Each structure stands twice: as structure tokens, then as C-alpha cells.
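In what follows, subunit A forms one complex with subunit B and a second complex with subunit C.
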Partner chain A sequence: MTIYSFHIFDRHCNCIYNREYSHSSSDNNNNSTTVGIVNKNNDSNGSKLLFGILYSLKSMSSKLIDEETSPIPNALKSFTLGKFRIHYFESLTNLKFILITDINIDNLQHILWELYSNYYIKNCIQNSLSPIEFKISDDLKENELTGKINNHNFIHQTDQFLQSLSVFN
Partner chain B sequence: MSKSSNNRYNGDDIWKNNTEKINSELFTLTYGSIVSQLCRDFNHNYHEVNNQLDKMGYNIGLRLIEEFLAKTGVGRCSTFKETVEVISKLGFKIFLNITPQIENWSSDNKSCSLILPDPNPLTEFVELPNLKDAEILKELWYSQILCGVLRGALQMVQLDVDVNFVKDTLRGDDKTEIRLKLNKFLKDEVPAGED
Partner chain C sequence: MKVYSIYILNKAGGLIYQNDVNPGLNRLTANDYLVLAGTLHGVHAIASRLTPALNGRDTTNPTESHSNKNAAILSTGKVQDANSNKSGLQSIETDLFNLYIFQTLTGIKFILVTSPNPVVHNLQQINRELTNRGELSKQYDQANEVFKHLYIVYSDYVMKDPFYSLDMPIKSSLFDMKVKEII
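Right after this comes the complex of A and B.
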């Protein structure tokens, strides 16, 4: 059971957070400092492909159900690809939270909800120094330099949270 | 949000157990000093003050909606009617502990009024100095910030809505009324290169 990576896409389809965990440091188990990379592959083809898959699957899944008659809209939650399972949660404000794990982990919806409703809200939304629009454009000066979540507390706390899960390693 | 799950979300419970509260007088007075400072800053140009309050509210709304969704866990509403009910029974309830009445639906179900109960938490102890400045009664919408909050919050859940005051007891009207008008549902953005 392994969590490989964690992505957040904003409503402008940009990858605003990308965290990849490396699990190779088995020789040093009690080392709590995080290994892996943060926000390095936000604009990589991998991220774009991941978004593309999710986007297409999402629009397909919503068309598979008759929205007039069904009270609950169809929602994509997870799917598998080869050796990976991709867990997906989208907030009503179109923020997309994604965890990539190995194929043995069944359901991480509550974990994705926790990442959104607790860690993201506390460290980004309720932090007035953190931007909430990550789109780089002329009329949004506060974000011109960022475009990503660089908030130390957010990175640290989500790392700790995910690593504390029994499914992490 | 579906009808059956409607009962699951209880504004009272969230207000009691899961909301940070501050002293209501401190809140009222702080808001009052913001408004009066804006009046001074903009040289008693009340239209501009309304605009600024609306803008401040808008920026609050953009963030507040996420907290609202996280606290209540509501799903997407299927009609605008449902949305307004959630705004009144959950939104106003958990942030201000009031439940505005919903009235005056237009025949196409796209606009309606929210009647704020008396006392409105923003306007307790407030009197507009109409003797010194008669314009203020005609031009200033004292609680305009609420319109901005609603507009910002609804925009983030893909609803383009016009929000404005039509009546305010501070001006001597019989009630305090906010008018909401749904313009359109905003579409999800698509990635560059796709259509």
C-alpha cells in the first residue's frame, strides 16, 4: 500500500500543487523529514495528461446518467490504470484533489475531503496572506509570482497527515 | 442538494458546535467604523462607498464559500430556489445566526428577495446622520457588504447573480430587503487546446 503523489488543480485547470513522495529511503525509517519533490512537475506533460484523463472521464461519467431524474449527480471517484489507482475529489468550487496510490487502496474519499475541508481551508483559504486565485494574469497582481501553493504550513501539515495514514507506506 | 438530504444539514447544530464566535457588539461596532471610515475616505461620495463595501464583500465571499462548503458538506443544488434556501437557512445561519425570509419570487424563478430580520446584526445601534447630510439616506446602502459576499460566494459555485439592496430599515423603509437575480450558470473552464 503506497501513496505516490498528491495533486491539486484549480478551476482554471492549472496544477497549483504537486507533491511526489519517494519511498526509497527504507534504510532510514525514523527520518521524519519528507522525501520526494514539491511543485516541480506542475506544468509537466504528466500533470497535463492526468488532468486530461480526469476531465474526459468526468464529463463522460456525468453524461452516463440522466440528471433530470437522478437526485445525485454522477461523480467520478477513482479509477485504475495499470499499477495505479487514481483517487479524485472535486469541490463545488471546482477545486480538484487527486491522490495517486497503488492498486490495493480502495477508497480515499474521506482523506481527500479531509485535505480539502481541513488542511486547504485552514492554511490557504483562511490565511489572508495566501492567494486564492492562482491564475497568472495581468489583473491579479498578488499571484504574479506564484501560481502554486508555496505555503509552508500547508505542505508540512499535509505531508504529516498523509504519512501518518496506514496506507502511506 | 437533494430533497432527501436536506434534513441532514442542520444550521443550528453547525452554529452551536462548529463556528468561531465573536462578541456581536464588537462585530457591529467594527463594521460601523469601517463604513464611517470609508465615508470619510471617499469624501462622502456614498456611491463610491457602496462600491467599496461591495468589493470588500466580494473578496470575503470568494473565501467564505469554501469554508461554508467544508462546514456544511452540502452538495450541488439543482434549482436556484434550493440555492436561495440554503443561503438563508445555512449560510446566514452559520455565519450571522439569522435566517432571512425568502419572498417575492418572480414568475421565472430567477429572482427573489431576502428579508433580513430585525435587528440586522450589522445595523444594531446604527443611525444614519441624516440631519447633517441628507444625501446619506438616499444613497448609502449601509449593509452593502452582504451583497458582495453573496455575489462572490455564488460566483465560485458557478452562479452569476446580481445582488442589491432595495429597502433598508435604516432609511426608514418598512423592512430590509436584498434582491437576488440569477443571470446565468457559469460554465466550467476547459483546458487550453480543448473545446
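Right after this comes the complex of A and C.
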């Protein structure tokens, strides 16, 4: 039972937060919040492929169910790739929260909701210094840092929250 | 687990068989089903690109895996598991349906759309039983059983049909009947 990584995509399909946890034993005696990497692979092909998969599966899952028969739109919850399970939650503002875990963890919807409602809203939305849109406009390309969540409190608190879960290790 | 639909995709991602066993899914146009099949095929291919690190991991101890393999062949009489879907997309869970993908060694994909599983809250369950495998993996095994039977029926009634041309849509009433028997 492991949580491998945590991604947030914004409504412009950019990966605005990427946190990968490393679980090697040598890291354990260090300060636990610094284990793994933050915002290093946002623009990597891996993130883009992940988003591509999510996007197609999401449209597929809404297409297969008739909108009239169900009061709520059908939402994608998770899917498995090889030995991973990918948990997915989308907010009404089209922010996509993704947790990549071990295949044996079934349902993390409430965790993703918690991450959104408690941590993202508190630290990023209610923070007046945090940008509303993380989109990098074309002329701002060199200043890449605006396109990511670099909020220390957010990183710290989500780390603590995820690491306190029994499924984390 | 109630099966809604069965799809079979050929190795190029074309939809060659479709059977809506139980109502529950939206009825799409024939073209939409083809798009759906193509999307799944593409996503499956992308997914296997995302998990390249996994493929090498099994061969860390070659001698042990060889002896394991031999034992497996002796006990089951099979060289390989029929399901070659190791690194690609295996299952999708949504609010209103689950979807499972089974890929044969020849690249044909069997897709099963079933009713969703009841919601399990993992966190409480783990405290009770640490070694317990996830409920969803069990469901996947269950779906795999159906796939195995489907594959047998496919081999017997489609591949052995002299009038069937490879990679073309399956229009065999006998196969239809046998599929209904499985479900």
C-alpha cells in the first residue's frame, strides 16, 4: 500500500502541481517532508501522457451513460495501469486532482476531496498572494515559476496529510 | 457483477464485435462505438508507454523466475497466461460502470463493461486486515474469469469458423448464443 505521487492539473490542461514521493529506506531518517521531488516533472512527457489518458477516459465515461437516466453526470473515479491505480477527482472548476498509488488501494475519493476542500482552497484560493490562474501566457514562457503551485504551506500541509494516511506506506 | 456490454477489438483497434447483454449503457451510433474502440485502443497504447519501468522489474532474479515458470507450465500445461495485458490499461472505475480490458497474446482486446462495485472505504478496511487485497483487484479477477470463457468461445466458434475472415466484424449467431450462455 503506497502512494507514489500526487498531481494537480488546471483547466488549461497544465500540470500545476506535481509531487512524487520516494519510498526508499535511506530517505526515511531524513526530514520526511523533503523526501521525493516537488514540481520537477510538470512538463515531462509522463505528465502529458497522464493527462491525455485522463481526458480520453473522462469523455468516454460520460459518453457511455445516458445523461437523462442519471441525475448526476457519470464521473471517472480510478483506473489501473499495470501495477498502478490512478485515482481521479475533478472539481467544478475543472481542476483535476490525481493520486497515483498501489493497485490494492480501492477508493481515495474522500482523500482527494479533502485535498481540494481543505488544502487547496485554504492555501491557494483563500491566499490573496496566490495567482488565480496558473496558466503561462505565451509571452511569459521564460518565467515558468508562475505556472506552478510553489506555496510552501500547501506543499507542507498536503505532505503531512498524505503521509499521515495509513495507506501511505 | 452485472455485465452490461462486451466488445471485441482487433489488433488494429477496430471494433469487430459488440454485444449489449444487459441494458444500462447509453445507446450510441455505430460510428460512436468505433470511435470509442479506437480511443480505448489508443489509450491502452499510451498507457503502456507510461509504465515502462515495470516491465524490467520482473526479471531481477532470472533463475528463480525460470524455475517458477517451469513449475507453472507443469501444473497448468500453459506456457503463458492468456492475458498479455500487463502494462497497459486494465480497468476503469466510474460512478456508474466498470470497464475491464483483456488482451490476448495476438493483440485482440476483449472489453467488458459491468455494473459498478459498491463503494468501499479503503482506510477502515486496511486497519482490520493488512494483507487483504483490494476489493477492486478481486473484481478484476472475477472479470478475468469471464474473459477466459469468452476467449475459449471466441477460439472455438469464431476462429474455427471457415467463413470468418480475420480482423473482420464477427457475425456469427452461434457465437452470439455462446456468449449469452456465459453471461
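One rule holds for everything that comes next: the second predicted complex is superposed on the first by the 154 of 169 C-alpha atoms of A that agree within 3 Å, B and C clash if a C-alpha of one lies under 4 Å from a C-alpha of the other, contacts with A are read in each partner's own complex, and residues count from 1 in each chain.
By definition in this document, a contact is a pair of C-beta atoms (placed from the backbone, for glycine too) under 8 Å apart; a residue touches a chain by one contact, two chains touch by 3 or more.
Treat the numbers as computed from the prediction; the structure is a model and nothing was measured.
By the document's definition of touching, of the two partners only subunit B reaches A:Asn94; subunit C does not.
When the two structures are aligned on the shared chain, A:Lys40 is found in touch with neither subunit B nor subunit C. In the superposed model, A:Gly52 lies in contact with both subunit B and subunit C. Within the superposed three-chain model, A:Tyr116 lies in touch with subunit B and out of touch with subunit C [touch as defined at top]. Put subunit B and subunit C next to each other and count what each touches on subunit A; the higher total goes to C.
By the touch criterion defined above, A:Ile72 reaches both subunit B and subunit C. By the touch criterion defined above, A:Gln126 lies against subunit B but remains apart from subunit C after alignment on the C-alpha atoms of chain A. Using the contact criterion defined above for the overlaid structures, shared-chain residue A:His156 touches neither subunit B nor subunit C, since it reaches no partner.
Subunit A residues in contact with subunit B (one complex) as well as with subunit C (other complex) are 52, 72.
By the touch criterion given at the top, residues 11-13, 48, 51-52, 55, 71-73, 91-94, 116-118, 120-121, 125-126, 132-133 of subunit A touch subunit B in their complex.
In the complex of the two chains, the subunit C residues touching subunit A come out as 25-28, 32, 36, 39-40, 42-43, 46-51, 54, 86-97, 113, 119-123, 125-127, 133-137, 140.
Subunit A makes touch with subunit C in their complex at residues 1, 46, 49-50, 52-53, 56-57, 59-61, 63-67, 69-70, 72, 74-85, 103-108, 110, 165-167. Considering their complex, residues 2-4, 62-63, 65-67, 69-71, 73-76, 78, 156-158, 188-192, 194 of subunit B touch subunit A.
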